[in-house]
Amino acid sequence: MNEIWRMIGQRLLLGVLTLFIISVVIFGATELLPGDLARELLGQSATEETLAALREQLGLNDPAPLRYWNWLAGVLQGDFGMSMATQKPISELVGARLGNTLFLALYAAALAVPFALLLGVLAALWRNSIFDRASNALALTAISFPEFFVAYTLILWLAQSGLFPSMVRITGSTTTGEMLYMAFLPALTLTLVVTAHMMRMTRAAIINLLASPYIEMARLKGMSPMRVVLRHAVPNALAPIINVVALNLAYLITGVVVIEVVFVYPGLGQLMIDAVSNRDIAVVQAITLIFASAYVLLNLLADVLSTITNPRLMHRK
Amino acid sequence: MENTRLLTIKGLKIEGRSGDAWHEIIKGVDLTLHKGEVLGLIGESGAGKSTLGLAAMGFARDGCRISGGTIDFDGIDLRTASETRRRGLRGKRIAYVAQSAAASFNPAHKLIDQYCEAPVVHGVMPRKTAEDDAVDLYRRMRLPNPDAIGFRYPHQVSGGQLQRAMTAMAMSCRPDLIIFDEPTTALDVTTQIEVMAAIRDIVRQFGTAAIYITHDLAVVAQMADRIKVLLRGDEVEEADTRSMLAAPREDYTRSLWAVRSFARAEHPSATGIPVASVGNVTAGYGAVDVLKNISFDIHAGRTVAVVGESGSGKSTTARVITGLLPPREGEVLFNGKALPASFKARSRDELRQCQMIYQMADTALNPKLRLRELIGRPAAMYLGLKGKALDSRIRDLLALIELEPDKYIDRLPSELSGGQKQRIGIARALAAEPQLIICDEVTSALDQIVQEGILKLLDRLQNEFNLAYMFITHDLATVKAIADEVVVMQHGAVVERGAKAEIFADPKEDYTRLLLSSVPEMDPDWLNRLLVARSGLTPND
Amino acid sequence: MIILISIIVGLALFFMIGVSARSALQAVAPAHHKPTFRDMPLTASFGLAVILFYIFVAVFAPLIAPYGESEVLGAQFLPWASPHYLGTDKLGRDMLTGLIYGARNTVGIAFATTALAFFVGSFLGLWAALVGGWLDQSLSRFVDALMAIPALIFSLLLLTIFGTSVLTLILVIAAVDATRVYRLARSVAQGIVVMDYIEAARLRGEGMWRLIRREILPNAMAPLVAEFGLRFCFVFLAISALSFLGLGIKPPTADWGSMVRENATLITFGDITPLLPAGAIALLTVAVNFVVDWQLHRASGLKE
Amino acid sequence: MTKHLIGQGGMTRRGLLKSGMAMTAAGLVLPAGMAMAQTEPKKGGTLRIGFNSGSTTDNYDPGVWDTNFVQVFAQARHNYLTEIAADGSLVGEVAESWEASPDAMTWTLKIRSGITFHSGGTVTADDVIASINYHRGPESTSAAKPIVDPIVEMKSDGPNTVIVKLSGGNADFPYLMSDYHLPIMPAKDGKIDPTSPDGCGPYKVDDFEPGISASLTRHSGYWKTDRAHFDGLLLLALPDPVARQNALLTGQVDVINQVDLTTVSMMSRNSSIRVLSVTGNQHFCFPMDTRAAPFDDNNVRLALKHALDRQEMVDKILYGYGAVGNDNPIGPTQQYYAADLPVNGYDPDKAKFHLGKAGLDSLDVSLWVAETGFTGATDAGSLYAERAKAAGINITVERAPNDGYWSNVWMQKPWVASYWGGRATCDWMFSTAYAAGAPWNESYWDNERFNTLLLQGRSELDDAKRAEIYHEMQAIVSNEGGVVIPMFASFVMGVSNAVATPDVVGANWDLDGFRAVERWWFA
């Protein structure tokens, strides 16, 4: 167990390093973007005079390294700063939307993960059967359509008939039940998008093991195919499956801008896009770091789980 | 006898698929096994031993199918029985012990869970009883700490113990028949004896019938009541063990027997500066010393065999000489001159002088390169050969290793047999025109007849080019065949070294004696005698 | 009922194409490859047939297309009837022509992008695995950092900085993809560099470049090629997603990703026009993956 | 990157300076009130509008509003000194009446009494002064700064009178005060609070989540009794055109703006909604740099003006929701519109003829476009290029990124796509975009005769003479100008049949001049 803690510690340190690299990359990238916050805020009606005034007010005239340093110093003290475009603290701006993003990600994961694993296991069990081929072809088809296209199709089928709403409107009084109902279509779209990947990986990971001597041993012990797959193959295929699930969970948190737009879902992705177009660097940085942390933490979680579920790593000689 | 008949196989045909075509692996074999009887199945790789063994369970591997004949197990026709019916027999009445217990135990579950699986699923006994039973059987199998060992995971248990645990697991439902598929092949000689003894005892205790598959005649001689010899899916002959050993009827059987007789003439004793000299080398990975102060010399035209069990530091010694592992202390001299410790610091010519042949030709040859490049590259690189000169050199080398140049020059390694691949490894080493060749277990993955061919080739080349060989092996028979000098290693240290004749005739050290005495002999009573002789000397496993 | 019929017709087509492609390939293949094609599953031969068809269309687009790439011919959104068998688009351009030229542009761009990503990504990945140590660590950390930035957002940033010409689009998507390729190439190569033949080559004194090119790369090809197939298809989707965010390929260059985006609004009214480019992408994706699956299966040596 | 990365891009991006206000010589003082539809409006209900815009940076600061979400949101909670009525006339709002000195340099505004803020206070002259002052001065970052810059001094004369002194005579001043950046907000210590939603408009804010939604309820003390019929409003940001359409079709909203024209015909088949479209002065154009070759030769300009099929553009880019333009920025609804000008139609031969006069056989030019230029600019460019081929003109359509289009492409590249939100008066339009030296003279056009006429027209008070002057100016622009204006684009809205609209719907801005929230009602 100590080794796990040490691994977690090491990986968290590496994660911090990763986040630092990312913050430099993103800061550099936003610096390179044409135009600046002042120009974006004032829009086309900007004059040189008003631009200069606004730049002075926002402190945009400081050299870039100094601004980065100020930002970093704030972050190290736990203060992500203010959104300059909206003049609101980042935490206030990001807080609710982060909740929404996580809700949608978890909702979609709750649908997609069991579904994908079940399909993957069944496809491996009945490999090369009609079921296997059909689910594979369908899964491939689902991922080969752009996300917004899948979303529009679902709207055509499920929203226009009035079965589910095509847009999500969250107010203070929205209950979880209502949320589940309203967010069903976005969650379903995401499910279709990520299922294929997880299912194919599950199937491949299991089939990959079926040539192992211990699988043959299990069969020679007279175990049923279902038991062979579930009890003998799956526990050993967990590492790749956990990894692909983590990767897709990370995607569900970080990569759903398009879905947010189509279903008017107030998540972090839209906020991020807005912030980029406004050159609101503090917000871009904060959201990128949230996304990157999600990625880093999920990968870490995946590795920890892979370790815990692997007796070879858990029980040394 | 008729009523004690347990397994009757008649005219069994099994086909394997390559692509769309099916070809026969087993070409109509008969087999009869009585209750409590042990039948030895022997043959080289590709003889169909395992396939036949599995067929006795009504089982065909993926890509294989039983295409003819009958398999009658205690009145049940395994070919026509439903899959469910067959599943009901497997593990319960017919059990299987695989070659590599390390690979055949599921790494995700504890030993005892895997032990209990068959009895519980087949409804033979409840879990609790099964657990108690496991401990009992572990004890009978003379496993250390039988109460606790079941609660370990496979990777926490040594190979020999795992093999016994697997035999115990096969016994869990007290089957009528156990198929042992080369259960001791992967083990060191000293461990092999323990396992053989344990298996033999338990089979006798429960009166279980067994099919014992192996390629090692000496092993089968200890285990089986009867022996059946297979060659490429056909039966060669079958006879009672003692009569088979005494008087094999068929030429093929005799040729199997004869392999052991190869021995080359001893070379004149060493003179002059050794080609390579390992001087007081201590080396290791991290803080652990794998080699502890070892020294030995290799002279031109002579073969030094480095012998020891797995983990004794044989291969590490080779890594020190080649420069892959710079030693912590000591040095390697080449023709009296110190070599840079790391291969990266060595000159091209220094690299050329010392070549290596690997155990697994499959991993030692780049599977995507053709022989022309595999062999030609060292010649082009070290000797600067190009074009015609290079081509003719490659052809010469192929001819040297007895492969027809025109036929083989553009082949891929996958288009060669195991022995041919090993020959390519030899040709590649020769292409550099070295003084020293390190042979790391070069024959241990090969069948005995093929082994002999390789050894003869190596011997011829040594005479032709006055090569020095460092011959790493765990197989004392090979040592006997080819070595001039022997270095015995254990736990990273040299236990004993000297001329082959001296070592074999009069080993000075206990370990050397243990090693030598553990080599199975083709005498059915050898194991009994040895166990009696050793009863004072308990194994350290 | 219509769905049922179309499924039956689809399956029939699938088998027809698959079987005939298999026999055709067998007939034209060189002798020692004949067994390869004889053994291939129907899905793979179907996939191969589709891919060859796409390549044919892409190469000979100007010869096949009934009209010019940007030619405005008549009213917009004409129904499917002669002479516009797939109707016209919103400017009155022939839909079939657009799809045919789209094949050329889309497949061309996707190929260039993926090839570039693989060249850079696999070289760095193999290099890192081979050299190991400090180089491996720093490269891997950097790539980890880049991968932690969501791909879409990262490409969006880069495209905003560098503009949206076809060249920058290729470079940016390739850069993002290269990180994924690096990871794969590195992990595959880590399995290869421990092989004895690499040790033998190192002991022989081979240089880095030759080790990568002759010793490692040929053995890493199978998984890399499989990944190539997948990445290749994802380029279409990336272009499509980017054009959703307003950063796709510039007209009049017709590409399927942008065509899907352009017509996607129609789908909510049950119009099937957007299905054409989307279907073209989907068909190619499925086809490529069928072939990739087959190749992987062959490489894995599983007998089933 | 544009502000509207998502969706179809905003029409109102360029805000104030491209907006226009009617300036009629006779309209300096007009009574309040306007013609309403015959049916008696009903009270009640919550109007839900889906907007094509909405950003997380949207806020209450009047100096930065630039998308129709905030513009309508502003009109919903604020009143202005003046208002452009649906018919284009100017009416008083907070200002009851106004009066100018003879040199039009000093204006006296009479503040309507009895108007209350949501927070309770009454609107006074001080509030008005503070509200306008917010946009003035060196620290101001307001987009309306150029409008209020000519104000030299503002002072109150009692609680209901404001006196404004200008640096130069400007007969347009009351029009300027209707600008959406200039709401009247409560003053405290002579300053308004730009972060406060407080206003004296018809609705007060309950909740505002930038980039997502805003909800409002009726201000019980609102002074207009014949307006603001809804109990409440819900404004939703629905940037994706499909999401917007579906929201309307499935009854999740009552009104949407910027209907996706590709599918408008299919949408309109739905019997529960109707498509509302008004054509004003909003026009799409292709200005060229008349200083640079080859556009410095009017023959080339004429050739280009005859090389495009305007009707086809209206049909295919606007799907019929618009009108053909004649390279004249003055629209048919305007007072001095010259209806009898010869039409610059699609005529490849004529284009060739003009090209020949310029001494050219063929012409290769690049046209820079982006969707921010105008919605459909890329397609319009493709169409233009396709049609111009027949005249031997090869147009290379260069699609520029939306982001930075207005700073890096527009007025930087020799030939670009652009649009104007519309101008109600000739003087305003011409002096902004066609007068020599004007900052937004996007064609860098300098026509002596035209410039002289512009000054004459501004000072001319006689209607007939003005008509004559503006007629000539339009002819000059159409024939010699450097801007190709192929079409006038309508504002196209989707409206649920549950919503009733007046007979006359404002065409100066989207959604009934941003005032749908106040002028419409549930049937």
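Note that the chains are named A, B, C and D in the order they appear, and that numbering of residues resets to 1 at the start of each chain.
Here, contacts are C-beta pairs under 8 Å (C-beta built on N, C-alpha and C of every residue); 3 or more make two chains touch, one makes a residue touch a chain.
Because the structure is a prediction, the values reported are computed rather than measured.
Colleague: Of the chain pairs A-D and A-B, which one is connected by the greater count of C-beta contacts?
Modeller: Contact tally favours A-D.
Colleague: Where centres are the averaged C-alpha coordinates, which chain has the largest centre distance to chain A?
Modeller: Comparing chain centres, B lies farthest from chain A.
Colleague: Centroid of chain A to centroid of chain D, CA atoms only: how many Å?
Modeller: 41
Colleague: Could you tell me the distance, in whole angstrom, between the mean C-alpha positions of chain A and chain B?
Modeller: So the centroids are 50 Å from each other.
Colleague: In angstrom, rounded to a whole number, how far apart do the mean CA points of chain B and chain C lie?
Modeller: Result: the chain centres lie 46 Å from each other.
Colleague: Counting only Cα atoms for the centres, state how far chain B is from chain D in Å.
Modeller: 88
Colleague: Indicate the residues of chain A shared as contacts by at least two other chains.
Modeller: 33-34, 152, 155, 160, 210-211, 261, 273, 276
Colleague: Can you pull out the residues of chain C that are in contact with at least two other chains?
Modeller: 156, 160, 244-245, 264-265, 268-269, 302, 304
Colleague: At which residue positions does chain D touch at least two other chains?
Modeller: 1-2, 5-6, 242, 246, 403
Colleague: Quick one: in the complex, what on chain A touches chain B?
Modeller: Within the complex, chain A contacts chain B at residues 210-214, 216-224, 227, 231-232, 235-236, 309-312, 315-317.
Colleague: State the interface residues of chain A toward chain D in the complex, per the touch definition above.
Modeller: Residue positions touching the partner: 33-35, 38-47, 49-50, 53-54, 57, 85-87, 93, 152, 155, 159-160, 162, 165-167, 169, 171-172, 261-264, 266, 270-271, 273-278, 280.
Colleague: Name, in rising order, each residue of chain C that touches chain B in their complex.
Modeller: 35, 38-39, 195-197, 199-206, 214-215, 218-219, 221, 302-304
Colleague: For the complex, which residues does chain D have touching chain C?
Modeller: Chain D residues touching chain C: 1-2, 5-6, 9, 241-242, 245-246, 260, 262-263, 266-267, 312, 315-316, 371, 378-379, 381-383, 385-387, 397-399, 401-403.
Colleague: Provide the residue numbers of chain B that touch chain C in the complex, in ascending order.
Modeller: Checking each residue of chain B against chain C gives 17, 19-20, 61-63, 322-324, 343, 346, 348, 351, 356, 358, 360, 363-369, 373, 377-378, 381, 428, 432.
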